[in-house]
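Here come two complexes built around chain A, the first alongside chain B, the second alongside chain C.
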Partner chain A sequence: MYRRLKDDLFVLFAFASALLAILPIFHILFSVFYNGIPVLAKYGVEFLSGTLPPPNKAGGGVFPAIYGSLTMIVLSLMLGIPLGVFAGVFIAEYPSSSISKAARTVLVIILEFPTILVGLFVMAVMVIPMGRFSAIAGAFALTIVMLPYVATYTEQAIRSVPQHYKEVGFALGLNRFRIVFSITLRIAKKVFITGLLIGMAKVSGETAPLIFTAGNVWRSTGALNEPAGAIPLWIYYLVQQPYSNYHEIAWGAAVVLLAIFLVIFLSARLMVRS
Partner chain B sequence: MDKFKIFLFPFVSAVFGVLILMLAVFVLNSVSIFQREGLAIYTTNVWIASENPEEEYYGILAATYGTLYTSLIALIIVLPIAIGFSVFIVDFVPEKFKEAFIIPTDIMAGMPTILFGIWGVFYLVPAISGFADFMYKNFSFIPLFSYYNPTGFSYLAAGMLLSIMVLPFASSLIREAYRAVPEVYREAALSLGLTRFEVARILLGYIKPSILASTLLAFGRAVGETVAVSLVIGNAFNINPSLFAPGYTISSLLANQFGNAFVYEYMPSALFSAGLALFAIGLVVNVAGLIVLRRWTHV
Partner chain C sequence: MKNLVAVGLIVAIACLFLGCLAQEKAEVQKSVKIYGSGASFPAPQIENWIHEFSKANPNIAVEYASKGSGAGINDFKQKLVHFACSDPPVKESEWRELQNIGKPIQFPVVVGAVVVVYSVPIEDLKLDGTTLARIFMGEVEYWDDETIRSLNPGVNLSHEKIWVVHRSDSSGTTEIFTSYLSLVSDEFGKKVGAGKLVDWPVDKLGRGLGGKGNEGVSAILRQTPYSIAYVELAYAIREKLRTARIMNADGYFVKADAETIGSAIAASSSLVPDPREGYREDVKMFLNAKGKDSYPIVAFSHVLLWESYPTKEEAEAIKTFWKWALTEGRKHMVEGYVPIPESVASIALKAIDGIRGG
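On to the complex of A and B.
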């Protein structure tokens, strides 16, 4: 008798957990679209091209944030991809070397490192010596955040390719550099590109490492050695303002950020699929 | 060493360089506060920022307390849900629909954390404020509900938001482990005429280590989360047992105070030592989680 009852309660528990797990996700996604899309519709193209308006004044946009995000992401990819890829190649090509074993552990530690600490670190080594916040410092912080993703996926990509492809390369008289970059990574390009996309998705949404490195501005000259805005940073600061038009702009920026993330996420997903 | 290895070596050393340099910066910058206050920086709850360095005094106990309290709230919420959700997907959802439940949690896992923050400020905090009001009026004799906070910015808001944010990590680990239990165990249990509940209880018994590992790793995530938490926790130097009290976590303290810390003589050092504590907590928890995970998967 009680066994039946317990079983029914258990099924109820499993279904309730599923509901509690899934519901917040949809509520968050829904509320970003629900609050953000009307803002985009109301502000029109100006939302992407304008700058922050004065409090309680209609119009304006988030151009400096988009510009800052784009420049910092591109810069961090330029730094982080070579660094992460070559480090990942080392770990994959010399897997039994003690350097590789230690590097793997270090990458896990950096991956789990709270990103706010990366921001503090870059402030200490770049911002204070330079005397000001800058897009370069922000990009440098993002590079550190991205590094473990790029390196780990590069390693996995190389290790997923069977040994005999490499042996063919050796038989042709190719050097190791050519074998890795013309054969191995080309065969495993799906895993490899997925890794790059995941690293990019990660840094495009990061806020904490930018607070003390990019410093945030509402109007930027565009120079790389000067403070920069970023979409997540703008949301962070606008939410804390008491003005309702700033909250509107924050929701609009949230939709833009979510759209960027979803595009990268879905491309990564399709990569894995096909 | 071949040429290729020599060419790659600088890049792999950069990985070590980053970690060593980071640790060095945090340790070196913490020295002056340790010399001045000793361990009192970790064991007291004071925050006296002054133009006059003689009067400055810092203790981050409130932030450490908040970090542990909010992460604990998150775990208490997330653990049963993650287990129930894993059982649901593996046992009750037909194979071709499983993905439909997993994709949303994958999106969740990678989503920019600031989006959780803005949702928390405009939806979660107001909801908690109503709930807090009700609980205070009826149950204020219980310490958990003893704080009157009409704003809703609180440990509970931070803990609930964290629980939503770490769920994907906790549930994916538990789900994969639960799925990997050999089918023969399930069949053997079912053949004895056990109910679904009894079967699941036995199978969950097998994956205890990965439940423990996922708990630890989720805790590690929760400890380091910054912006979403700092937007909803209320940012107050508080050590209060009530769920509804506002507080600080180490990471939100850093996000809030570091920007103007350099005006003061000792505050940067105090905050670097807070960062060191955050790093230590995160490292211990994550390493423990990884050890449990590795030991279990090697058996």
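On to the complex of A and C.
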């Protein structure tokens, strides 16, 4: 009797803790949609194609932010995937090399590094020499943030494939490059692609690395070497203003950001499951 | 399943690109882009100017990022932006640093006021400088204190403790407010002093509360009955906060509005230094201004420009925008912001004329 009670208490406690842990997520999702969806409905299509309105004037939209976010995400993928994948492959294929040990440590450090400092670093090495804030500098900062995710997942993907498959490759006379890219990563592509998507989801919501690198724009869209806006940057700046239409736009932008994030994140989950 | 995901992704990306196409059509060819960064106080006014300006000048795009006066000056020093906005005028040491890189010019662009807001169920609260200083030092403990009662005869003040709310972050608003209190009260000047971040004695008495930014301060004010605080005028208007009337140098109680702020700066606008020697400006000279209608706590917000820019196009765009802001822009003010007096504007316009490019 007493033991039953203890067991029940334990289950109840575990259930309550789990509920407590997921409640904030539902609260975030709920409040973003509750506050943001009416804004999207009110502003209509203009919300996706318009630019920032003046204080207290109706209309406008977040186009420069969407444009900036997408260009910087795509650019950072173009920089981050080759770098991250090759780093991951190297660490997995030559685990005992001292370079690979050092690389693994550095990647763990970058993973935990305050992203605002990544932004300051990129400002010093790219923004100041170039003489202006730019989308490319923002993308570079995002690449650094993304790198450990891509590299670690690539490494895990390669390690998850049993040794026999590689041996088959060697028996056929393939070189290491062909074995990794034609055999190992193909077999483990789910883990590999999940890594890419998680890296992408992570950078799509980053604000701090962009403050000192991308600059920010409200009304124009420009080339890669010109300042760029970003959805999280817009939210950060707009909520600090005392104007209700700026707060509305920030809520609407939060829905757009969440939608982008959920599309990427759910694709990652589905890919793992299927 | 995988196909479904792929289709979903493609649809999402296609929608965004359609958005891009729609935008490309709508946008007129922008030939020159100029960038600025700096103080957050003038940001709403600058956004409004940019909006109106770009209607008349579709070939010039202006972008402003509000990250604070310090960050703006730093961006300007590194030549990452074309102009920077700073609430307090640049200090002499910073000015010398700028002079090592080029020829800076600085002039006021907009006037703001710091107002005293309160959450006490009274429609009209009157205060004078010394009482205000004593309240913010924590020396006046209750709302029905003799000094407050004598300034507000006939008003029903209850025996409740005064909670003092102040900024917890480094802020130009705090600098202006404490400069004013130091000016009207020697005791405050000695005990606390003026600055962006000061040690509030009332905190030690347990009746002081700190809030981050104007929004933090007004949130605390709303949640705390019988509290008093200081915020920028534009914020008090937007948040519909009750503002106190302050006694000016001539002994009249005034509320901050376009008229009383205009009167305060008109009296001392001849003291504004030449834009080429911008650092000579002193925040204190506009505080506690003479005149029966003058509101005592006003301040200029400034812009920093270079006298020469790398290209002619950039120089022309900068000149066109700031000339427009100081002339046509006067008709497009956001509530809570007041244009600088014409006499000051004409000095600034002359300095703008001297900007060269190429």
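Everything below uses one rule, namely that the second predicted complex is superposed on the first by the 252 of 274 C-alpha atoms of A that agree within 3 Å, B and C clash if a C-alpha of one lies under 4 Å from a C-alpha of the other, contacts with A are read in each partner's own complex, and residues count from 1 in each chain.
Keep in mind that, in the parts below, contacts are C-beta pairs under 8 Å (C-beta built on N, C-alpha and C of every residue); 3 or more make two chains touch, one makes a residue touch a chain.
This is a predicted model, so every value here is computed, not measured.
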TODO: Would you mind checking whether chain B and chain C clash or fit side by side on chain A after the superposition?
DONE: clash
TODO: Have a look at where A:188 lands relative to chain B and chain C in the superposition and call it first, second, both or neither.
DONE: neither
Open item on the list: I'd like to know which partner A:94 touches here: chain B for first, chain C for second, both or neither.
Closed with: first
Open item on the list: Applying the document's definition of touch, where does A:205 land relative to chain B and chain C: first, second, both, or neither?
Closed with: first
- [ ] Considering only the touch criterion stated at the top, classify A:240 as touching first (chain B), second (chain C), both, or neither.
- [x] both
Open item on the list: With both complexes overlaid on chain A, does A:196 touch chain B (first), chain C (second), both or neither?
Closed with: neither
Task: Partner chain in contact with A:31 - chain B first, chain C second, else both or neither - done: first
Task: chain B versus chain C as contact partner of A:220, first or second or both or neither - done: second
Task: chain B versus chain C as contact partner of A:136, first or second or both or neither - done: neither
TODO: Could you give the residue numbers on chain A that contact chain B in one complex and chain C in the other?
DONE: 128, 211, 240
- [ ] Would you mind writing out the residues of chain A in touch with chain B in their complex?
- [x] 3-4, 6-7, 9-11, 13-18, 20-22, 24-29, 31-32, 35, 82-83, 86-87, 89-91, 93-94, 99-100, 102-103, 106-110, 112-118, 120-121, 123-125, 128, 144, 147, 151, 175-177, 180, 198, 201-202, 204-208, 211-212, 232, 235-236, 239-240, 247, 250-251, 254, 257-258, 261-262, 265, 269
Task: Residue ranges of chain B touching chain A (in the complex, touch as defined) - done: 2-5, 7-9, 11-12, 14-16, 18-19, 21-22, 25-26, 29, 80-85, 87-89, 91-92, 101, 103-108, 110-119, 121-123, 164, 167, 171, 195-198, 200, 220-221, 223-227, 231, 251, 254-255, 258-259, 262, 271-272, 275, 278-279, 282-283, 286, 290
Task: Residue ranges of chain A touching chain C (in the complex, touch as defined) - done: 45, 48-49, 52-57, 63, 66-67, 70, 127-128, 131-133, 211, 215-222, 226-227, 237, 240-244, 260, 263, 267, 270-271, 273-274
Open item on the list: Give the list of chain C residues in touch with chain A in this complex.
Closed with: 1-2, 4-5, 8-9, 12, 15-16, 19-20, 22-23, 26-27, 30, 33, 35, 37, 40, 43-44, 47-48, 50-52, 54, 61-67, 78-81, 213-215, 234-235, 238-239, 334-335
